[in-house]
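The first chain written gets the first letter, and so on, giving A, B and C; residue counts start at 1 in each chain.
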Amino acid sequence: MPHPDLLFPPDREVRAIARELFALTRDLPLICPHGHVDPALIADDAPFGDPARLFVVPDHYVTRMLLSQGIPPAELGVPSVDGTTVQADGRKIWHLLAANWHLFRGTPSRLWLEQTFADVFGVETPLSPDTADDVYDLLSERLAEPAYRPRALFTRFGIETLATTESPLDDLSAHARLAAEGWGGPGGRVITTFRPDDVVDLEWAGWAERVERLGEVAGADTSTFTGYLTALRSRREAFIAAGATSSDHGHPTAATADLGPEGAAAVFERGLHGTATAADAESFRAHMILEFARMSIEDGLVMQLHPGSVRNHNRWLHATHGRDVGGDIPQATDYVRGLEPLLSRHGNDPRLRVVVYTLDETTFSREIAPLAGGYASVYIGAPWWFLDSPDGLRRFREAVTDTAGFYNTAGFVDDTRAFCSIPVRHAIARRVDAAHCARLVAEHRLDADEAAETVVDLAYRLPRRIFRLDRSAA
Amino acid sequence: MPHPDLLFPPDREVRAIARELFALTRDLPLICPHGHVDPALIADDAPFGDPARLFVVPDHYVTRMLLSQGIPPAELGVPSVDGTTVQADGRKIWHLLAANWHLFRGTPSRLWLEQTFADVFGVETPLSPDTADDVYDLLSERLAEPAYRPRALFTRFGIETLATTESPLDDLSAHARLAAEGWGGPGGRVITTFRPDDVVDLEWAGWAERVERLGEVAGADTSTFTGYLTALRSRREAFIAAGATSSDHGHPTAATADLGPEGAAAVFERGLHGTATAADAESFRAHMILEFARMSIEDGLVMQLHPGSVRNHNRWLHATHGRDVGGDIPQATDYVRGLEPLLSRHGNDPRLRVVVYTLDETTFSREIAPLAGGYASVYIGAPWWFLDSPDGLRRFREAVTDTAGFYNTAGFVDDTRAFCSIPVRHAIARRVDAAHCARLVAEHRLDADEAAETVVDLAYRLPRRIFRLDRSAA
Amino acid sequence: MPHPDLLFPPDREVRAIARELFALTRDLPLICPHGHVDPALIADDAPFGDPARLFVVPDHYVTRMLLSQGIPPAELGVPSVDGTTVQADGRKIWHLLAANWHLFRGTPSRLWLEQTFADVFGVETPLSPDTADDVYDLLSERLAEPAYRPRALFTRFGIETLATTESPLDDLSAHARLAAEGWGGPGGRVITTFRPDDVVDLEWAGWAERVERLGEVAGADTSTFTGYLTALRSRREAFIAAGATSSDHGHPTAATADLGPEGAAAVFERGLHGTATAADAESFRAHMILEFARMSIEDGLVMQLHPGSVRNHNRWLHATHGRDVGGDIPQATDYVRGLEPLLSRHGNDPRLRVVVYTLDETTFSREIAPLAGGYASVYIGAPWWFLDSPDGLRRFREAVTDTAGFYNTAGFVDDTRAFCSIPVRHAIARRVDAAHCARLVAEHRLDADEAAETVVDLAYRLPRRIFRLDRSAA
């Protein structure tokens, strides 16, 4: 069990208020409207692998930190692109983690892992080189028990809705299995999210082939831009049938644009012919945000925008181990000019809902809060990735509340593929929000009863409403 | 009455010091060197309208927040550009505010309004859907009393000097009436500020016509650039005669430039002929900052620079309800390159005084504090607009003091058109500065007697001296 | 003596933990891997000049603050470029400091000077206009005593290693004298740092002449790019022989580039012929970072990057008093795109070590921590210059630890030419780190024993290891 005052300010008065506020949200159901859990995990309900395969190999927060101190990902079992053998012995990987555990002091990874071991698995032994084997053995024992299979944990965690994220090319078969067993479909416990980046980004190797496959999956002719849009619309329908209430878009910048139907078609064709430039790719991504916004106005999917990551900045890492293994780096992001074409067309349309995330915290007070506090369609996404930490969550509230209040923020999203850490991540966010509101109460800026209502709204009601999870109930 | 410890840190030791420091500034006269109160309000001294017309309709902080949750400004009585009917029933507007009062939790608007109701109007009933009518009635009663007319409030607030802001096209008749009654003129209680943006910004629709009118008002031929400068100089003289001690300049960027007399004249002429480009407009604005700096060196007006707002970003709002109704959004602003042409020419001239504001708080520690702490002419303006909040004021002090100290900051400005909120805004700033200095004392970084002198300087002596309000006394 | 709780949070619980943590580092030896002390100061071991010449004239933090309030540097004794007489009377300069002492409230300069007077010189009288002469006399008395000569202070301060910074053109004679007396050389108490900016920056007046001199000093033909590289390699060898373990590079931006040998040679030749453009200069600086990285991989010098300063922004100051007198201003800096060419080639090479500093604190969480936490070669330098303050040091830890932990930070560097302030600066950093870790302990985010190990690592072990000061021991 975590210390009851974990993350609460040390001042006695504030701490007492924070405790009371957290007590109101601690046991609320978890709303998980955005994340990267593999739906097959829940559909299969197979036991997890060993602790290293569960907690180290797939967690790029962990492997990048170890790389930063010179430990190659291959020694941590991260699969290689060319099939070169990587470390396969979970216990050896675990020893490397334990030997370098001090690197994680003060990081959210440390907090997530430690709380997961203790809170989810009941393993309270502090990890260290001396205890590495003990902890590994205790976790392995637990992982072998039926109570630690995915569906049992899902129920224990109190997850009300978990949204996974799939490409339009995905046949959604895992979601179909879940629906057949009463776990998925509209209003179900596990739903999908429409994430079309791999068929939108001309610079992503293999784009033209994937566009062709999109046509096959959707039963449409994607050799023309019109057919491509038709195929995307059709896949959105299929996703909605699998429970999706939102789409997600992760571009390098926040640019949006309206190239017009002919302009967009011309770029699309250059893409298919392999003659598109980098500028074409950027303007096509920007244009497609507008196309998807128009589709959203029609079909009601909430748009999530996750701009500002320079993908595969660490080229050696990308060449050796592929995508999504810790080689992305944030960059300064301009939402004011970037979103202007979108918002000048549809920003005040009550049917559109756009949840904006950032990796650039300078935009919290300067751009995102003013946009969310001045356009009917814009909501502020939870602190993302490098900013999803106790201090990041605190700075987020301090920076956006002045201009956007609490009710233009979309609530916490765990955004994780680490299924077992989900309750821990939500608990940390709830603790930080309780601490934040407690400070406001202690400084006489918010009444205690309002704070009580607010923390419950932030933890439960707001994400449920903003992501339209309330109206899709079966 | 606000809670005596409003906004003070909860720690007992710090709180006790903050209380003592605030007691030293609480009752000092208010210095209001920059704001947007209509001078006719004080000149006419007519009773205010109903509570909705006073507190909701003209307050774009309030109407933009309500728009952000889908409530159209027309339902809040915001006048429409095309004369379409908008909500005229103050009570209905008030009910909308009350029904959405929770949106403002944690925002400065909530604090300003609540403190204004209680502190200025003695209405302590918390606003809620249930109490909406009671609060409306109580405020209406007060507003009907002579003690709540503008001049009575002005006196009760303890305002020593209030600067309004006018265009060079303004005939300053309201100020003339005030002067005639002993309220205005040099050293008077109500003075003006020279704000020439509407005759400087080629991109502001109607510029050429306004330049012609400038000629008429100034009795000069503004068909040439030389005549235009002469007209501006002449209007500055008239403004100084109406008490002005400063000018104000609100451009999209912080760019300054010296185009030379011929270069500037060429752009000016393209402007008159309607052939100026966007780049022309930007370089003309940049050049005019240098022209105004030269005029300031001659006539002593303190220059205020308010760059970094993308005006009318919300185009629908602008098209429907016009300017200054909440549709502006900040943008990243470069003061280092932008101000270089100005500062390389006049930055160390002791006759020039430039007060620099920002909407981009990243520039506090990176740009503005280093510039103010290294050039004789530069002072740092108070946190502005989206940053004028308890947390914004605190972050401001934490970010600029290291490099610029306290004495390169120009003191608080309320920057408001909401006359009734003026004392409340100053009180909040004084509380935050007291809390900040209390922390320094508690951490043994500042002696108590120095802190005591500093808070009084920040609240009263510095703005009075830096805005040259001390030397213009009649 | 400073107050025992100086800079510790007021909360009793946190303060008690901070005290215990600081007690562990207070008396550790000082590691000073980067600074600007003149090596001749230690080599000569002559008495210091008067207090004004020691504390005011050479300290651009102090003279720029006084300039910002209109006091010309000439009145403070800052030497003029053209030989114009400047104030020579130390006591008069001191009176100006005392009369304006209030300007420094809340600044690190105030803290450094006050603590230096008290802690190093035992002068506890608070400086004020009334006590100016007393303080001056007391400091003068001390400065005349043998115990206050440089080497005696060096020993008293407990400095283990002090790195100075020299140009490749320097003949390192002061270091040779130190080595001869057992103070310098590899593993010695005083070592040098290789800082080649003046022979790399084409825009620095006199570059071609200095390149010629470089050839003379190195005994190489620097009329070709190949010869120039040979000369630089040769000087690095000489610096390593004088104890250097690192190089230092201070460019306006963080740009790196690989122009290829022919491309670089072409720019180099344009530089020699005086036909290089500003773009040439930028790309040559960027290219040379890559050349130096390759040399570092071979010879083991740790690279320090100090980008982001607009040198001589205050042109009048530069024209009147030259370089490094307070006229530089930070600018927004892009490390993500800037360092990409370097890191994509060598970022994961375990032989390379790059310590990255910044004047743009927005890059802490957005760029530098993600880079340091994801590349094997990158470490985060201590808060630099305008950010080297109690609040800057605190914000640094809060911003970088989430993503980079503690162990990708390179430890404190005092970066100062003010020799007498060295122990005070380290003490402040150690206090701030103790306070930071105390907060983590009080919020149950870090165990007390881990915090104890961490503060010792930050103060001593990390800088010693990362700057390779451990392996160069004689």
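Everything that follows uses one rule, which is that contacts are C-beta pairs under 8 Å (C-beta built on N, C-alpha and C of every residue); 3 or more make two chains touch, one makes a residue touch a chain.
Just so we're clear, the structure is a prediction, and the values are computed from it rather than from any experiment.
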item	value
Chain-level touch network, classified as line, ring, star, complete or other	complete
Interface composition of copies subunit B and subunit C: same or different, split at half	different
Rounded Å distance between subunit B and subunit C, as computed from the means of their C-alpha atoms	40
Junction residues of subunit B, two or more chains touched	11, 332, 362
Of all residues in subunit A, those that touch subunit B in their complex	11, 13-14, 332, 334, 336-337, 340, 343-344, 347-348, 350, 362, 365-367, 369-376, 378, 398-399, 401-408, 439-440, 442-447, 450, 453-454
Complex interface listing, subunit C residues touching subunit B	2-3, 5-11, 64-65, 67-70, 102-108, 111, 126, 310, 313-317, 326-327, 329-332, 359-362, 386-387, 389-392
